[in-house]
Structure formats: C-alpha cells, structure tokens
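Look at the two complexes coming up: subunit A is in both, with subunit B in one and subunit C in the other.
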Partner chain A sequence: MVRFAPVLVILLLLGLPRLVDMAFLNAMVLVLIAALYAMGYNLLWGQAGLISFGHATYFAFGASCTILMMQAIEKGSSFPTPLLPLAGGVAGFLLGLVAGWFATIRTGVYFAMITVAITELVRAIVQRWDSLFGGEAGIAAGRPAWGPFGLQKLVDVYYFTLVWVVLGVAFLWFLQRSPLGLVIRGVREQEERVSFLGYDTHALKTLVFAISAGISGVAGGLLAFTNESTNVTLYEGAYSSTVLVNTVIGGAGVFLGPAVGAALTTLFGYYVANMTVYWLLYMGLLFVVIVLYAPRGLSGLAVEAMQTLRAGKRLAFPLILRRGIGAVLLAAGTILLVEIIGAIVAPVYWATAKSTGVAWPAVTVFGLAWTPAAPLTMATIAGLFGLGSLLLRGAAGPARRNAAALIGRLTGRAGRAP
Partner chain B sequence: MTGRQPPSPPVLVIEGVAKRFGPIPVLSDINITLKHGERRALIGPNGAGKSTLFNLVSGRFRPTSGTILLDGKRIDGQPPHLLSRVGLSRSFQITQVFGGLSLYDNVFMAIMSRHSRRWSLVQAGPAWRAIRAETDELIEHAQLTGLSRRLAGTLAYSEQRALEICMTVATGPSVVLLDEPTAGMSRAETAAMVAFIARMTEGRTLMMVEHDMDVVFGLADTISVLANGHILATGTPAEIRDDARVQDAYLGGGAH
Partner chain C sequence: MAAARCSGRVDRAYGTGTGDCGLRTLMDAFLVALLNGLVYGLLVFMVSAGLTLVFGMMGVLNFAHASFYMIGAYAAYFSGRYIGFWAAVGVAAVVVAGVGLFTERLLLRKVRVYGHTQELLLTYGLFFVIEEVVKLLFGPTPVAYRVPEALRFTAFTIGQSEFPFFRVLMGGVALVMFFVIYAMLTFTRIGLVVRAAVERPQMVCALGHNVSLIFSGLFAVGAGLAGLAGAVAGMYYPTSPAMAHELGTIVFVVVVIGGLGSLNGALAASLLIGVMTSFAVGVEATFGDLIHRIGLASTGFAGLDAVQFSSIAGVLPYALMLVLLLWRPAGLAGNRN
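Up next is the complex of A and B:
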C-alpha cells in the first residue's frame, strides 16, 4: 500500500490539469516549487543535521541567474530552454560551495548564525547592484520557446515544473541511498568518528551544503521561469524562515516530509489568504502547535501511527476524537476572537459606526453576524474556549515535555559545538 | 633528526614531545618508540597526562614541541582524517558508533574509506564487491554477523564496544590506539573483551590507555608508566611490577 503511494501521487500530479481550474493549477506550480526547495533544504537538515537559517539566498540567487540566462537568450545566445533551471542550480551550487565552506567550519548554533550572516551579506550586495539584479523593480525576461514547445500556457509551465521537481526529488532519493549519503548521515550522528575513519568532514559538509544550495537554486530557477521575473525581495529573511517552517511542519525525519509541509503551507496561503488578512497569524499558531505536539512533524505523526498499527496495537481513537474536537473548538474560539478584534481595530469599522449610527456594527465570521459587545458573542467565545480546554485536558503534559526536549536539543547542540 | 635508522625501523616514534595548556605544562619530554607488532600500555595515576598524550598521537591536539613519526613520516599536528589514511586508528573511551545506522553500515563506512571510495554516488564494479566482501568478512571474524542488520544504537553496551573495536581495525591501520577499551564493563565482559581485542588486532602495533590492571597484563607486552607528565619507567609487565618507583607512584599508591 505504502509502496504504491509515490506512483499514485505522480499519476495524480500528471492528471491534475484535467481535474482543476487554472487558479488552482497556478497554486500547484508554486506547491511543486516550494516542495523542491524544502526537499533541497532538508538534505542539509535531515541528512547532515545542519539547520540553515539563510537558504533564501541560494533560492533567490538561482532565480536571478535563471532570469539573467533568459535575458541572454533574448539577446541571441543559444541555450536549451529545458535546461534553464539548471542555470539556477549551478549558480546555487557555486555560491553554496563558497558559503558552505565558511558556514560548516562550525556546527549547531554557530553554523546557523553564519548562514544568517552570509544571507544578509549577499542581500546587501544584491540590493546595491541594481545594474545586474534590478533592485526592487527586479529583472524580467520572457520564456523562450523550444522547438515545438511554446511553453507559454500555464499547463506547459506546470508540466515543465513537474518534470524538474520529480528529477530533483529522484536525485535526492538516489543521493540518500548512495554510499556518500551514508557518510553524510554518519556526520550527523558522530562527526568526530567520521573524521577518524579517514573522511575530511569539512569538505563533506561543504559539498552537502553546496548540493542543498544547488537544489534550492533549481527551485528558484523554476520560480523565475514561471513568473518570468524576479526581484530582490526574494533574498529576504522571510523566504529563509518559510522553508524552515515547511520542514518543521512536514517533518525533517521523513524523506518526503518537507514536501508535505510545503504543500500544506502553500495551499493554506492560497485558500486562507483569500478569506482573512490574519492568515499568517493562524499559520504561526499552527506552527507552534505542531512544534509542541508533533515535534517530528506531520509525517512523523503518520510514521508513528503506522508503527503502532504494524506492531499490532490499536490507535487510541476515543482519545484522538476527544482531543480533535477540543482542538477544533479551541481553534473556532480563537478565530472568532481574532476576527472580531481584528475588525474592531480597523479604522473603517469606526467610520461605519459613525455613518450608520450603530454603536457596535456586526462583524461577519463563519457566515454569521456577531455583535462584538453582545453577551451572546462573549458567551460563545468563552464557551468555545472552556469546552475546548476541557476536552483537551491532559494534553499540556506532552507539550511541556516536547518543549523541554526541544530546548535541551538546541542548547545541547550549542554546548557540543567546538 | 631521528639519528641512524636501526635495521628494523620502529613504527611509531614519539620524540621529545611536550604539551602545555596555556601556562600549565601537562606533558614534558616524552619519548616512546614502538616496534612493529609491539603492544604498549600507558598507565599512571589520574592526571598523569595519559589522555593528553593519547590525544596528541591521535591528532586531536597539536604538541607544543617535539615530533611524532609514523613509519618515518611526521604526523604531529595532522588532522584526524589524514592520520587515518597513513595508518593510524583510534577507538574512543565514550563509545562513538553511528547509533542511527546498522552495524553493517558502521563497518561498511570504515572499509569504504580504506578503499578510498569516500565520495561515491554509486556502488558498482569490482572495488565495491571487494568492499562488501571485506565488510562481511570482518563482521564474521568479529562474530557479529547475527547483529549486522540491527541499528547500532539498539545494541547492548558490550556489543557497541565490540563494534567500536571492529571499526577501529576496519580502516586497516598499522598502529591502533585504544582508549580504555573495557571502561564500564563487568569482570566477565572485560575478560571476553581482552580476548576479542587480542584476536581483532593480531599483527598490528597497539598502544592503549587502560586503568584495569588485568587488561593491561592480559594485552600488553610492554608498559610505560606516566606520572606528573613524565615517563617514569618503561619495561615488560614483570619489570614494571617489580619497579620500586612505580610501586611508589602508582601501584602502591592505593589506586589498585
């Protein structure tokens, strides 16, 4: 069953353009790109145990270099269009070689800090180098046609992206199972031992960093190819943290985990951003909940459940149901509270109040009109929080334990670093 | 620098080595020469500098002065991975196996390095057949075949220690350094470990740090006694046992 899952997913992805509308297909292109970016990122985290806080640099640099290559094609250079994302990949790889050499001199927190420093350095350079990178306005170039393929329609772009993402993920799978992949996991487990076995661990970590940056660069190249433009905002910290959040939500310990996380957050943005301006707040809360209750991510949860079933044990359905309902009630209460407060604090609300003469105009949440100061509204929110907490009793313990373990891991890492 | 070479050159030569940490001298004027196939134990009271000397030879630290030669080539101050490639291998007092990898993969990685296949993406061809065969052979020789698919982290402590020794010899070293190979073991486990080490390191030059006198007298054919950063005496186990200075400094001092 599990063995056929990848085949099913690929078939579904192949048939997707026939099943969905253009808007969703557009979102799926972004999902695929975010998935490849997260998978490349996780080569560094999941396999080598190095958590980078500055991977946007390689993603963005891949995008910039792909656009520059497309501009060169427009000016008459010949370069096969299907290989354009490779321009981003090579650019990311080369930049990763240099950055990785410096960053991997240290491990743990020190490594993370160096990756942040390098990101800021590159961003500062790119921002000032308008003639090449185009600054805020960015740079643009049209997708060059290739033989019979126009590559102008969204469906073409979707399949183009799909092929590259599948190739990238297949490469990572192949790398993970290769002898080199074994040594990389060895570095994560006992770096000193690996060096005493005759391996130059600094060179190894530099190479892994560069490959991870290269895959991220391919993903950036695909984004540039899709958008036919890019600008310096891509170099900002937000794109470094997004990929980290995706990896945590999906789970760094399972091969496709980061791709699952990337798909969830991208689609979350696609759907929820249309409904509320507070979608980033909700995503942040979701992130915290996952860190506290599923430290190995959603794919980690799935693996644990599968191991339980395989061991012949049954899942604790009544408990899962009770806590599930509790979580939904608590989430509903939170959303109601956030949306009502969010509406009240907006200047437009008071303008409405003044013009209509109503002291507390109603706010629509969940398709219902709520009067902010009304006892019914207050009671509903209190009731949702109260009942939700009641159903979730006993759930604080694991969260506290997970938080303590997380802090221990982070400080332990810092302490062990040379 | 090394003077006239004797007819059978020594494998490991430590010459006038000193180490200070800041203003604190830990070792001074250490001279040790190991012949091929010799089994040397370093003993001494706590704080004598055994671990420091061990770390100097294995490349963790750089000596403040003096030279260390392996097969006539200088190795002091070289990084661990280059030491491993010229034929020096060490085990760790605190077990350092790859807990998340299978026992087989732990040994496989060491054999890969010996065959200089350190960056490979594929494993095809005669070299890889040889690597796999040698891995099987070594695990068989260590009588760990039944455990080869188990994750190293799930093995019993004594099994992990055996794997540690296995990986140490798998890189094909001419000199093996053992750091308290029986630390934390019961009497029975220790006796089994001594026999295991003797079997696995046959024909290789050995230098070990050990507190347990039964292990020292069971494995070593020469002993150097370290006290206060100096070598107090070097000789056969019998000579060391009868040495009045050693008894004063160490054996009679109530340590054992």
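Up next is the complex of A and C:
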C-alpha cells in the first residue's frame, strides 16, 4: 500500500486540472513550488543535520537569474525553454558553493548565524543593485514559447511545474540512496570518524549545501517562470522562515515530510489570509505548538502511528479523539480571543462606539456576534481554554519521552542534564 | 601664520564644510561620528550582553532575545503614559524579566531534552509570535514613544554639532550595566556560584546549590537587561514591530564576533561594529571610486559602480563576521569552539 502511494499521488496530480477550478490550480502551482523548495532545503537539514536560517537567498537568486535568462531570450539569445528553471538551479548552486564554503566552517548554532549573516549581506547588495535586480519594482520577462507548446495557459504552467518538481524530488530521492547520501549522513552523525576515513568533510558539507541551494534555485526559477516576474522582496527573511516553518510542521525526519508541510501552509495561507489579518500569528502559534508537542512534525506523528500498527498494536482511538477535540477547542478559544482583541484595539472600533453610543459594539467571529466585555463572551473563552486543556492533559508526556529516547539513540548521547 | 589665518575663517568653514580649514571641520565630524558610533555600540552591547551570557552559560541561542528588547520598548511606552518615564523604564525591565522567566521555565525547559536544535527552533517561533502579538496590540506602524521633554537638552557641542543629553544617558546606562555585571560575576559569591554552575553543573548541584534556579534566574536577568535596553533606546530609535528584526541580526553578529559567552568580547565587538557603521555612513565614495583607485576602469557592472559605500554600511558587520570566521573562528575573546 505504502509502496504505491507515490504513484497514486503522481496520478492524482496529473489528473488534477480536470478535477479542480482555476483558483485552486493556481494555488497548487504554488504548493508544488513550495514543496520542491522545502525538499531542497531539507536535504541540508534532514541529511547533513545543518539548519539554514537564510535559504531565501538561493531561492530568490534562482528566480532573478531565471528572469534574466528569459530577458536574454526575448532579446534573441537561444536557450531551450524547458531548461529555464535549470538556469535558476545553476545560479543557486554556484552561490551556494561560495556561501556554503563559509557557512560550513562551523556547525550548529554558529552555522545558523552565518547563514543569517550571508542572507543579510546578499540582500543588502541586491537591494541597491537596481540596474540588474530591478529593486522593489522588480524585473519581468514573458514566458517564451517552445515548439508546439505555447506555455501561456495556467494548465501548461501547472504541468511544466509538475514535471520539474517530480524530477527534482526524484533526484533528491536517488541522492539520498546513493553512496554520497550515506557519507553525508555519516558526517551528520560522526564527522570526525568520516574524516578519519579519508573524506574531506568540509568539502562534502559545502557540496551538499550547494546542491540544496541549487534545488532551491530551481524552485525559485519555477516561481519566476510562473509569475513572469520577480523582485527583491523575495530576498527578505520571510521567505527563509517560511521554508523552515514548512519543514518543522511537516517533519524533517521523513523524506516527503517537508513537502506535506509546504502544501499545508501554502493552502492555509491561500485561504485563511483572506479571512483574517492575523493568520501569521496563527501560523506562528502552530509552529510553536509543533515544536513543543510534536518535535518530529506531522509526518513524525504519522510514522509513529504506522510503527504502532506494524508492531501489531492497535491505535488508541479514544485517546486520539479526546486530544483532537481538545486541540480544536483550544484553537477555537485562541482564535476567538485574538480576533476580539484585534477588533477592539483598532481606532475604528472606538469611533464606532462613539458614533453609535454603544459601549461595546459586537465583534463577529465564526459568524456569531460577540460583545467583548459581556460575561457570556468571557465565559465562552474561558470554557474553551479550560475544557481544551483538560482534554489535552498528559498529551505531551509519553510522546516526548519516546522522542527524546529516539533522538538520544540517534545522536549517541543523552540529553543535557537538567 | 597659518594658524592665525585659520582661526579667522573657522566659522565660515563650518557653514560650508569646505575651505582652508577643512581639517578642523573634518576633526569635528570625526569626533561626532566616533561618539555616535560609541553610543550605538553601547546600545547593541546592552542587548547582546544578556544574549551572550545566556548563550555561554546554557548553550541556548535565544532568537527571541531581540524580541525581549522590543517588549521592553513597548512596555515602557505603554506604562510611561500612566506612571512617567523613570518608573516606566523600571517596570519594563521587570516585566521583560518576567516574560523571560516564563519562557525559560514553561517553554524552553520542555524542549531541553531534545537538544539545542529544538531550543533554537522554539525561540525562533517565539520571535514570530511576539512580533505578531505586538502587531495585534499596537498595530504594524511605529508608536509615538518619545524622549520626555525634561531630558531633551544638549549635553555639549562639538564645533557646530549639538550632542543630545539622551545619547549620553544611553551610553551611561550601558556602561554602568557592564561594570555591575562584571563586578557581580567576578567579586560576589553569587557570581562565583553562577560561574561554577556553568562549568560543572552537576558538581555545583551536589554541593547543595539549586542549579535549575540559577539558570532560570540567569535567563530572566538576561531578558531584563534586553528589556531595559529597549525601554531606554526605544524612544530614540523607532519603536515598531520591526525593531526586533533590525537589531536582532546585528546582535547575533556581535555574539559571534565577540566570542561565545564572553562579556568583554561582546563589548569590544559592539563598539567595533557601532563605530565602523557610524563612519561608513559618512563616507561619500562609491564602489566605482574604489575600483578607480586600484587602477581598474570599472567593476564591469555599471549598476555596481554607482553604489555608495554609505548605503551598504549596514552590511559591514556581516562582512566583518565572515572575515573573522576565517581568521579566528572562536571570536575575538572566545576560547571555545
């Protein structure tokens, strides 16, 4: 069953344009791009154990270079259109070679800070180099046609993206299973031992950094190809944190985990951003909750459930149901609280209160009108929080101990003494 | 003779910035830039002091540390409207220390078993949540947190530039803070136990000290220092939801350059970065000029030639960090990797 899952997913993705409307298909193109970006990012994290906090640089650089290549085609250069994202990939790879050489001098927290610094460095230069990168206004170029393929319709773009994403993911899959992938994991676990075996570990880490940057560059190239434009805001920290958040939510330890996370958050952003201005806060809270209570991400939870089933045990459905309801209640309470606070701190609210003469005008959340200071509202929020945390009681304990034991085994050392 | 001629023309020279006595004007400008750089450096130090102490002693890199600085500014702004400036600064420091204590005991402690990566991710998430909560409560634009009237006077003048008292105050607070922490850690019994707890936590625990409490206290004090810095600096620089990000990355650079856990290193790195940035802002040359100076016609990119050095002053700290990593990976004052 699990073995055929990739085939099923690809078939579903192939048939998708017939099943959904244009708006959703548009969102799916972004999902595919975000998924490839996250998978490339996770090569660095999942395989080499290095967490980059500045991957947007390579994504954005890939996008910029793809547009520059498209502009060159418009001016008469010949370059096969299907290989355009490769221009972004090569650009990301080369930049990644330089940046990776610096960043992988150190590991852990230092590595993280160097990636942040390199991102700031590149961003500052790119933002001032208007003649090449186009500043805030950005640069644009039309999608060049290729043979019989016009590549103008959304469906064409979707299939174009799908082919590249599948190729990219397949590449990552074979890389992971190759001897190189094994050595890279060796560097993650026991760098000293690998270097005693005669490998140049710094060169290896630089290479894996560059490949990861290259895949991110391909994803950036796909985004540029889809939008037919790009600008320097893509170099900002938000695009670095998005991919990290996707990876954490999906789970770095499972091959397709980051792609799942990317799909979830992209669709979440696509739909929820229209409903509330506080969706970034909800994303942040979700991220913190996952870090606290599901350190291996959502795919980690799925793997745990599968291991339970394989061991011949049954899943504890009443427990899962109880915790699920608890989580939903807590989330509802949080949303209610945030939306009401957000409404009443706005100056508009007090202007309304003054003009209508009502002390506390009602705020609409979940389609219901809530009077902020009313006892019923307060009681509802308190009730949701209270009941939710009651149902969730004890949820973190055993799961956390299991994960800690696993991580201790993987890294070969116990957690720091409290 | 030259001196006499000069003194007669000094006033005019200030007005235009040119003339025979440009040297004196240049000296004044140099002094002003130096002082501004030192004050900015001291501000950066106020925030990085807590970060480097916590990092060195607990191995936690707190991404949300600059958020504590932001909370300090907003707390002082909010409470200052009711209780006045000086009380608000104190309240801000205490409130942020409380937030730090909450973060350490209820959040960080839960993920400690997974190791430093998970702690790093948690503080990264907190950074975003705090920024969004601030936006929720105070809006996405800067708030009007200003220096009180009573403190708006000139401390002294250099040439024609007036140096505001408030900058002197910011620098003074940071210096006092440095000496207090340094003295506490070096000369008091508490400092002795804290330093011992960092080196050999289990031994100190066996000797009957509450190591867990020491770490929590340390985290709270570090957060409180950042809050204090925010309360003081927030009125001079814009108090906006972006302030944590703006200062945060600089502060990380300071910790790396200064060396892990070293207070002296952090002070040196902060001052170095502050002064360097301040001087770079005053340079009017472009990349093209530099290339001409080394004897080439152009960088090869027309756009790059026209980029001014001053516009990339903010990049210098990062460039410095990369260079330092090659030359001295443990940082200026660090002895550990």
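Basically, the second predicted complex is superposed on the first by the 395 of 418 C-alpha atoms of A that agree within 3 Å, B and C clash if a C-alpha of one lies under 4 Å from a C-alpha of the other, contacts with A are read in each partner's own complex, and residues count from 1 in each chain.
Here is the rule we go by: contacts are C-beta pairs under 8 Å (C-beta built on N, C-alpha and C of every residue); 3 or more make two chains touch, one makes a residue touch a chain.
Quick caveat, the model's predicted, so the values are computed rather than measured.
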Item to check | Partner, of subunit C and subunit B, that touches more residues belonging to subunit A | outcome: C
Checklist entry - In the superposed arrangement, which partner chain does A:V183 touch: subunit B (first), subunit C (second), both, or neither? => result first
Checklist entry - Between subunit B (first) and subunit C (second), which, if any, makes contact with A:F287: first, second, both or neither? => result second
Item to check | Touching partner for A:I51 - first (subunit B), second (subunit C), both, neither | outcome: second
Checklist entry - So, A:Y199: does it touch subunit B (first), subunit C (second), both, or neither? => result first
Next on the checklist: In the overlaid three-chain picture, which partner chain does A:L154 touch, first (subunit B) or second (subunit C), both, or neither?
Outcome noted: neither
Checklist entry - After superposition on the shared chain, which partner residues are touched by A:A72: those of subunit B (first), subunit C (second), both, or neither? => result neither
Next on the checklist: Quick check for you: in the superposed arrangement, does A:S131 touch first (subunit B), second (subunit C), both or neither?
Outcome noted: second
Next on the checklist: Applying the document's definition of touch, where does A:L175 land relative to subunit B and subunit C: first, second, both, or neither?
Outcome noted: first
Checklist outcome for this item: So the subunit A residues that subunit B and subunit C both touch are none
Checklist entry - How about subunit A: which of its residues touch subunit B in the complex? => result 174-175, 178-180, 182-183, 185-186, 188-190, 192-201, 207
Checklist entry - Given the complex with subunit A, which residues does subunit C contribute to the contact? => result 55, 59, 61, 107, 109-118, 120-122, 124-126, 128-129, 131-133, 135-139, 201-202, 212, 245, 249, 252-253, 255-256, 301-304, 307, 311-312, 314-315, 317-319, 321-322, 325-326, 329, 337
Item to check | subunit A residues touching subunit C - in the complex, by the definition given at the top | outcome: 51, 53, 102, 105-106, 108-110, 112-114, 116-118, 120-121, 124-125, 128-132, 237, 241, 244, 248, 278, 280-281, 283-285, 287-288, 291-292, 295, 338, 341-342, 345-346, 396, 400, 403-404, 407, 411, 415-418
Checklist outcome for this item: Seen from subunit B, its contact residues with subunit A in the complex are 58, 79-81, 83-85, 89-90, 92, 96-101, 105, 108-110, 112-114, 117-123, 167, 171
